[in-house]
Amino acid sequence: MWFASDNTSPAAPEVMAAVLRANQGHAMSYGADAAMARVTERVREVFEAPEAAVYLVPTGTAANALALACLCPPWATIYCHRTSHVEEDECGAPEFYTGGAKLTLIDGANGRIAPDGLRDALAFTARAGVHNVQRGAVSLTNATEAGTVYSPEDVARLSAIAREYHLPVHMDGSRFANALAFLGCTSAELTWRAGVDVLSLGGTKNGCMGVEAVVLFDPARAWEFELRRKRGGHLFSKHRFLSAQMESYLCDGLWRTLAGQANARARQLSEGIASLPGAKLVHPTEANAVFAAWPRAGHRAARAAGAQYYLWPGHQTLEGPDDEPLSARLVCNWSTTEAEVEGFLNVLRAGATAPEPARP
Amino acid sequence: MWFASDNTSPAAPEVMAAVLRANQGHAMSYGADAAMARVTERVREVFEAPEAAVYLVPTGTAANALALACLCPPWATIYCHRTSHVEEDECGAPEFYTGGAKLTLIDGANGRIAPDGLRDALAFTARAGVHNVQRGAVSLTNATEAGTVYSPEDVARLSAIAREYHLPVHMDGSRFANALAFLGCTSAELTWRAGVDVLSLGGTKNGCMGVEAVVLFDPARAWEFELRRKRGGHLFSKHRFLSAQMESYLCDGLWRTLAGQANARARQLSEGIASLPGAKLVHPTEANAVFAAWPRAGHRAARAAGAQYYLWPGHQTLEGPDDEPLSARLVCNWSTTEAEVEGFLNVLRAGATAPEPARP
Amino acid sequence: MWFASDNTSPAAPEVMAAVLRANQGHAMSYGADAAMARVTERVREVFEAPEAAVYLVPTGTAANALALACLCPPWATIYCHRTSHVEEDECGAPEFYTGGAKLTLIDGANGRIAPDGLRDALAFTARAGVHNVQRGAVSLTNATEAGTVYSPEDVARLSAIAREYHLPVHMDGSRFANALAFLGCTSAELTWRAGVDVLSLGGTKNGCMGVEAVVLFDPARAWEFELRRKRGGHLFSKHRFLSAQMESYLCDGLWRTLAGQANARARQLSEGIASLPGAKLVHPTEANAVFAAWPRAGHRAARAAGAQYYLWPGHQTLEGPDDEPLSARLVCNWSTTEAEVEGFLNVLRAGATAPEPARP
Amino acid sequence: MWFASDNTSPAAPEVMAAVLRANQGHAMSYGADAAMARVTERVREVFEAPEAAVYLVPTGTAANALALACLCPPWATIYCHRTSHVEEDECGAPEFYTGGAKLTLIDGANGRIAPDGLRDALAFTARAGVHNVQRGAVSLTNATEAGTVYSPEDVARLSAIAREYHLPVHMDGSRFANALAFLGCTSAELTWRAGVDVLSLGGTKNGCMGVEAVVLFDPARAWEFELRRKRGGHLFSKHRFLSAQMESYLCDGLWRTLAGQANARARQLSEGIASLPGAKLVHPTEANAVFAAWPRAGHRAARAAGAQYYLWPGHQTLEGPDDEPLSARLVCNWSTTEAEVEGFLNVLRAGATAPEPARP
């Protein structure tokens, strides 16, 4: 019962098999391997973007920070959701890679940037000219950190606001496949057709060992990206092992299949929890994470049964009245099984109705 | 006949097997995996350094740049050999990670920093106080970029000079195992006992997929290193795959075995070339790279036979008189076979004696 | 009727005379001038801080950014008021000089950081360890951007919170003399005795041409400051002209006298406005700036009479109903005269009662 | 007898008078003062460059570092003379402002970059593509650090080489007026007509208190420059005092007059020294600095007489044989008098012939 994060999960067998196959004889290093050429072709095809530049890096933080550094000068600011990964979980990587840009935090329900909040923040920025940092880039996370998804229309609405100020749009797609699987739209519809300029396309959380693609729909800054990647220490010598992961990930829709599995388990989990007495969802469950609250007794039972997940926000504690609801984040992944979810729900159901153990 | 670089080679079967084994079920992310604890223990044991802090990163550039950033403030300079990887092959990664430090280039025969050169450079630095960049750190590459090796005495001599100025010493050990295998000394003798403070311990070039360890013999800056690693995008979520590589690499002396194989092939190659008419070594062959010159006719024959290696320096060309010697770099790796080397030497021998083909 | 900013004002005659006197013959450059030694002595005496390191720079932005860079590493965050100069008016200078630190914005009435807001922000920071930026430093602005003042007790309360997390405290004292003049306390009481580690002591806005002192009460980072200052291009060769300004500024309490004059004019202005029909203060008037609102008709009259000041916030406009109140910022300076303020108030009084001009 | 540096000299009376005049009433801040508009016009006129963008900063280090940051990305290198100010005397300011660019040091006699040296360095750079830092910008110092001057033809020759690689050319003109005064050419001939893109135009060393202009002949990066200046803390609030200095400096050819005086004194000094027994020039004397060697006895006499100058290079000492020549740098400035030089020469002449004092 591992729901702590999708990054504790193993790699998918197809990905591991591809990595093994890649380990034959010599291969050109630093991205000149034949598999990388195929990855680029495949990404262009999937995204209907024949000009796109495609690069691989090992982590989502690297993908985001390198992408943003190509979009936002040091004296500007990046507009992102207050709870976004670039703000909360990267120890200042965007600030480091940009050379000291700011992040301007926008609120919005369920992890999605509120269009009015973006508009207000943009209008406020640079009102005193040279004295202020300037407008740099907009960064959207899809799927969001709240387990929800921006639709193509949502993205287009925010991109249009960015465009009023001639700003580029970055999408942190660490869980892009989960968003796609929920929406059922095409990759193009959710990215460049909706105004996205650069995508961080996640593989790691969804069945790879450690690989993310950065897709620059406009290749004008491709060379700059390559230099920044090298300078950041993210250009792999034995690059074939990155290529192999991404190639297998995109082959025959594996990425969407895996994400679909994770989303389905999250839905199962979400519906199960929502039906518990005293429980309710904190955010709608759209991608592979469930944010829900239920009485403390259920959390105690889950913890006792060895379930792994985070109380969210983190300051809550298992000490206290049984019936007080505590909120939690539970993340499913490609390898989560129906039985695992059902077992967890059974623990909760039992815990909810169990008589409180006598205390000494 | 691949002698272009050791980073075109495959990963060793033991390493791949360990990676596969690591892909079982869930594992804690971000370095909290059980295998990482074992890696730390193993490194401490191998280096007889029970206090050392040990971290894994995916590339040598990351290892070097992160290590140097912990040793050298932005307003100081790093003393390194003119041909070192940190100067020549990292697109300014040390400058980026340190926040704008300088590199001061020291000459010295066969890729080794000349002690007098280091002494002069140190004396020259900061002679005008606040107007100059300050003395920061000394970085040694072992094995060197010229295929040679610093002995423990060589390292101790340079470290002692650094110590006169209270400077820390970094060792770029991207081919550390090759140096060890040549010297037959212990890891401790070649590092902290000789004055090295931080080691970049290479795995990628010598049989891993992509992993390097950074060993801080003094753990005082360990937390700073962790923050810099995360901020640089080098903290792996599915860290177990880095741990598995390094664990198997250090298990039962695999790293020294693999490096010994590569060195032996380089020796075979070196001796074979040296016995050719008109040939001579450019640098002594100590680790796994051969720097040698032989007549152009031999190069033409090798190229025709499909051999992969670089003319070194790169401005030389196959056009020109047959008997003019051209210098080259040939790198062996753990997977290079005796037969492969012998085959290459045979091509050279034949090429050297072959009548020049008639030209139209 | 110039109330746009205190930085449009001329330099005080005493300061100009000192600059002229300094222009005799040769003087040692780069801070080795005899006058600088006297400045250091004088600052130590005034602040009762015999160990303090004292440096001069030409702008407040340089003073703040250099000071903060000595206190906050690149991977940490600076806690400051949402409206502080370091956040709003320095085009990211703190981010640049620190190498990419964040600023965490705290709210609080009347430009003063709310202790609870600081406490909450500190507790929230770094809750996920290495994934988050760390706690760096607290920066207080005194007098604040809202024309109010932190008392020694206010400063001590916030410093104590910072101390719970072992954080250093910076004071942006661009208008420090105005705060002192309002409070009537000693310089020591308002700084190190209340927990301040580094002070940016402003001269420019209060009668100098362009000079700010940075006072490091703990000299441990003095050499680092010197290197950062040089590297930032802020070490003056003809340093005597900075020294002369600061020496005369601190001589015979000139700085407090000038600030007292500015404060008195602000009080006069504030009381005059507050007595107008339909007017009210936005913030209490403590230092040399008045934040007040009064009916639009009065603003129109003031503008027509050539008065210089900003509507605050800036999106307000003179177009609209006469009696709707608009808020404004008016800044007095050492050279503002009683007659100038009285003249301005008369314009407002007349404007408030004047019949609206007929519109075509 | 102050020959230590031109930056120990006072400001010219015309400049001080202008600063005093500027201190009348209120003036718009941050470069919006009326005098700055006149400075821009004047610079454009003097340089026959009607489109040029012109900015003022307080120090030469700021001027150089900001200019270079606009020309050279973080992953590139700046080609400069090994003894240039940007390399030797700015504590890494170019590295700081560019975000971590390198400096590639070119040799060349008498402080001038050797064209072949530049050509070789350019050819060597970036030979391994993404692995190397890229070509960034060429920086020339005119007058040089060796007291010599690049002619328009010299500049054009080096610029042409830069142009082959599409590189911009920066001129560090901290002593530009001295170069002009020596050459007798126009400002345009020595800058944009010879291929210079950005000029740091010095005022401080030649009669100002502390002001340098940055002239961007192509204004495309003007806004970037403004943001970098602000972010670096170099935008003056009471900017009028910078404007006043520069306006008076450029008025009626004052800058060329002052530089001509300094050059004439250097010539007088140079000729006097060259005629001493056992003396010789180290570099030709073209601008306002003399590099010469003469017997130690003369240095002892000079030191005893209170003369201020540096032995150059700095490791030489007054202890040793009387007749051994020691080399020195002597810098004249606008205020150096004929009598001062003559007095110094007399000391040397006397010292050269004086019997060595008996030693106990």
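Which chain is which? They are A, B, C and D, in the order written, and residues in each are numbered from 1.
Quick note on the criterion: a contact is a pair of C-beta atoms (placed from the backbone, for glycine too) under 8 Å apart; a residue touches a chain by one contact, two chains touch by 3 or more.
These figures come from a predicted structure and were not determined experimentally.
Peer 1: Using the contact definition stated above, find the chains touching both chain A and chain D.
Peer 2: B, C
Peer 1: Measuring between mean CA coordinates, which chain is farthest from chain C?
Peer 2: Computed centres place B farthest from chain C.
Peer 1: Could you let me know which interface, A-B or B-D, is made of more C-beta pairs in contact?
Peer 2: Result: the pair with more contacts is A-B.
Peer 1: Using mean CA coordinates as chain centres, what's the chain A-chain B distance in Å?
Peer 2: Taking the mean C-alpha position of each chain, the two centres sit 35 Å apart.
Peer 1: Express in whole angstrom the distance between the two chain centres, defined as the mean CA positions of chain B and chain D.
Peer 2: Inter-chain centre distance comes to 42 Å.
Peer 1: Spell out, as numbers or ranges, the residues of chain B touching 2 or more other chains.
Peer 2: Within chain B, the residues that touch at least two other chains are 30, 74-75, 90-92, 96, 99, 130-131, 227, 230-231, 235.
Peer 1: Which residues of chain B touch chain D in their complex?
Peer 2: Those in contact with chain D are residues 74-75, 88-92, 95-96, 98-103, 127-128, 130-133, 314.
Peer 1: Name, in rising order, each residue of chain A that touches chain D in their complex.
Peer 2: So the residues of chain A touching chain D come out as 30, 73-75, 99, 130-131, 134, 224, 226-228, 230-231, 235.
Peer 1: Would you mind writing out the residues of chain A in touch with chain B in their complex?
Peer 2: 2, 5, 7-11, 16, 19-20, 23-30, 57-63, 65-66, 90-93, 96-97, 204-205, 209-210, 227, 230-238, 241, 308
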